[in-house]
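Got some structures for you, see below.
Two complexes come next, and they have one chain in common, chain A, joined by chain B in the first and chain C in the second.
Coming up: the complex of A and B.
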């Protein structure tokens, strides 16, 4: 089994990333802050204006270290990739499947089904712990709605229908998501999902963490030889990692939503760490952002039991495992794509 | 698996300085320096074979000594550190 590799985050503006032998060095001026042999890194995410030498970029590309550049708010800017490698035959098969509406719908359905089940699992788990009667009721109601959508999904004949049901499920889920936050009154009110820019602290946390997850999944797709830009559920659009977004649907609840809820409910982030910008968007301060990055990395080390592999894996390897299973399906080794149904 | 690599390179003999430098360089490419000539290396078996070949190609085995300690996958409970130079956990979040 693949080892869960670490991700290096550069959050400051005055850092330099350079190559030295087979290691990556992070320097500040002439001082070496960190030296990491490249085989221990799975990715580098730069969130500021750090200086990355061309040699370091090439070195990352050569060694399959996914290098992503994000804005300080977590908006995706660019990714450095090496020459297209992997299996052409696999990629061609992926494109053919993506063009075949029926086959694409099968994969999309599997992904959406897992998403609905996982969202429902998170809600039901929270409903059990909920002390307020009204909240528990609303959560149970939303869980039922998700179950209904799930039943209708089985009969979905076209991609359009699947996409519609996905949206319906997401609306039901985010309609009650705010009730999972026990610190609503302390500046963490949540009135539905919004983005670009996120208009409240909860949305800011979610958006940021989804970007991190997209980076990880996109890297995993490339590692197994799939093209992260050609998706099934999400339509192709220049620059959009549609396939990564497809796979992300099923992983959001356990890899991000749960994490964000924990951070807020366990008071690990504070409302004063968020500032409203003139344009109406909400921005995190450096400490809050760092806290989120650390929490995300730690979350990835949590072990889960993967039902298809029947093996214990760290949660952070899930993108890799799912990408591998999808590749097997595309190659024709598996009759369907086994999306991940999480046990909360 | 975690492998602890220690070396003594005789620097008084001719070429000693050069061997020391090059052995240290290989170690830095594969592991983390925990003391001056002690490295903790988290490797898979294939990487270990490559690393070992490089080390032994560099050292003069008549004069220098290399020691490997195999700590396996459950190495965490076999390592304890006290004193200066706290060592980073290789899996700890890297946020700079």
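Coming up: the complex of A and C.
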């Protein structure tokens, strides 16, 4: 299995990434800021306009290090990667299943079920700690709605139905998500999910962190030989990492939502770290973004018990484990995809 | 004569005898063994640098020799082939280097025997014996290519070819071999072939989550 490898983030515009022997160097002018042996890296994410030499790109590709270029807001722009590796039999089987509505629906159902259970787990956990009775009540109500959606999900016969229930669940969840924020008055009001561009600070944090998670899951899919663009729940659309987005559904609550809530509630981010653009979009400043990146990396170190492997793993390995389990299902070793049901 | 895709790698034979699933994971799934392949590739590369010949008295030594058998549809590389001077001929004597120590199963012997089959065809001579050199015990163990070993080797080649053609990875044994296997994390021997992920499993997961107080 892959170890939880570090991801190197280039967060500024005036950096250069160059190859030196078996290491990557981050330079600013003639000064070397960081030297990292390539075998210690799992990915490089450049946020902005750093200068990356062709040698460094080739070196990353050779060493199976995913090199991704993101906009400063975390929008995925491009990725440099080596030759398509892995197993053509696996990818063929993945495409066949994706074309088979019933088989695709089984996977989508598992993913959505885990997402709903995990969202519900997060809400119920938070409801227990709620001091405001009105909030606790609303959270319990939303948890009940998620439970109803879950029961209906079991009978969902088509992908359409499963997608509809996923949407219903998400609406119920984000309908009360704002009540989990204790610092609402400090500029962190949340009135539902919105994106492209995010129109408040909470959505800006969520969107950016989801991009990071999608990048990690996409890398994990590729590492086990799956095509990250061919999904089951999400329809194929050129440029969209549909499979990564599928797997992301079940991991959002514990890998991102909890993280964003902690950052706000523990006051590790401040409202003044966000700027409203003339068109109404909200953007983080560099320090806030850096804080989120650090917190995300730390979150991935947190150990969880993986019920299927019956082993302790760092949360950051979850994308790899789930991608591997999905691959085992696709290759016929498992009768279905065992999605991850999280213990909050 | 053989489609390239039907050529069986010499190295696959020992994996198959040790564990058919391990063989499937390495030669079909490939992605699982990527790290291992990288390492193997590097070692091979280093070996290629020293590929060559030397003569020590009555023995000539060839390293990194490429082998192929049309009769058996085999292809691969031999670590070391010694050529022993006998009656005015140079008689090939394959020697396979193994890191570990002598094992009770026939995997290493079959791999060596398959090398001999290739050499017999390529050189037009009968090869009666070779040797396995085990790094850990630093012992050299002679291997006779008798009818039984030849038969087992040929049967194994057919089994590996059938698996490669079918494209189906055999199920995991989940026995005492598994804990030491380097591919365990990709193989997941304990959970493959179970009901994990099935509709009943999912229903159980959901109802358990809903029952929680």
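FYI, the second predicted complex is superposed on the first by the 343 of 344 C-alpha atoms of A that agree within 3 Å, B and C clash if a C-alpha of one lies under 4 Å from a C-alpha of the other, contacts with A are read in each partner's own complex, and residues count from 1 in each chain.
Here is the rule we use: a contact is a pair of C-beta atoms (placed from the backbone, for glycine too) under 8 Å apart; a residue touches a chain by one contact, two chains touch by 3 or more.
It should be emphasised that the depicted structure is a prediction, and the values quoted were computed from it without experimental measurement.
S.K.: Kindly say whether there is room for both chain B and chain C on chain A in the superposition, answering fit or clash.
M.R.: They fit side by side.
S.K.: Tell me the contact category for A:109 with respect to chain B and chain C: first, second, both or neither.
M.R.: second
S.K.: Could you look at A:35 and tell me whether it touches chain B, chain C, both or neither (first, second, both, neither)?
M.R.: first
S.K.: Quick check for you: in the superposed arrangement, does A:290 touch first (chain B), second (chain C), both or neither?
M.R.: A:290 sits against chain B, while chain C stays out of touch.
S.K.: For A:308, select first, second, both or neither according to whether it touches chain B, chain C, the two together, or no partner.
M.R.: Touch status of A:308: second partner only.
S.K.: Looking at chain A, which partner touches more of its residues: chain C or chain B?
M.R.: C
S.K.: Pick one for A:328: touches chain B only (first), chain C only (second), both, or neither.
M.R.: second
S.K.: Figure out whether A:275 sits in contact with chain B (first) or chain C (second), or with both, or with neither.
M.R.: After superposition on chain A, A:275 lies in contact with neither partner.
S.K.: Could you look at A:337 and tell me whether it touches chain B, chain C, both or neither (first, second, both, neither)?
M.R.: second
S.K.: Could you say whether A:154 touches chain B, chain C, both of them, or neither, answering first, second, both or neither?
M.R.: In the superposition, A:154 contacts chain C only.
S.K.: Please provide the least distance in Å between a C-alpha atom of chain B and a C-alpha atom of chain C in the combined superposition.
M.R.: 7
S.K.: Of the residues on chain A, which ones does chain B touch that chain C also touches?
M.R.: On chain A, the chain B and chain C contacts do not overlap at all.
S.K.: What does chain A use to touch chain C in their complex?
M.R.: For this pair, the touching residues of chain A are 1, 64, 85-87, 89-90, 106, 109-110, 113-114, 117, 120-121, 124, 147, 150-151, 153-154, 223-225, 308-309, 324-325, 328-329, 331-339, 341.
S.K.: Touching chain B in the complex: which residues of chain A?
M.R.: 3-4, 6-12, 15, 21-23, 26, 33-37, 39-40, 290, 293-294, 297-298, 301
S.K.: Show me the residue ranges of chain C that touch chain A in the complex, using the header's touch definition.
M.R.: 28-32, 34, 167-169, 171-172, 185-186, 188, 191-199, 201-203, 205-206, 209-210, 212
S.K.: If you look only at chain B, which of its residues touch chain A in the complex?
M.R.: Chain B residues touching chain A: 25, 28-32, 42-44, 47, 90-96.
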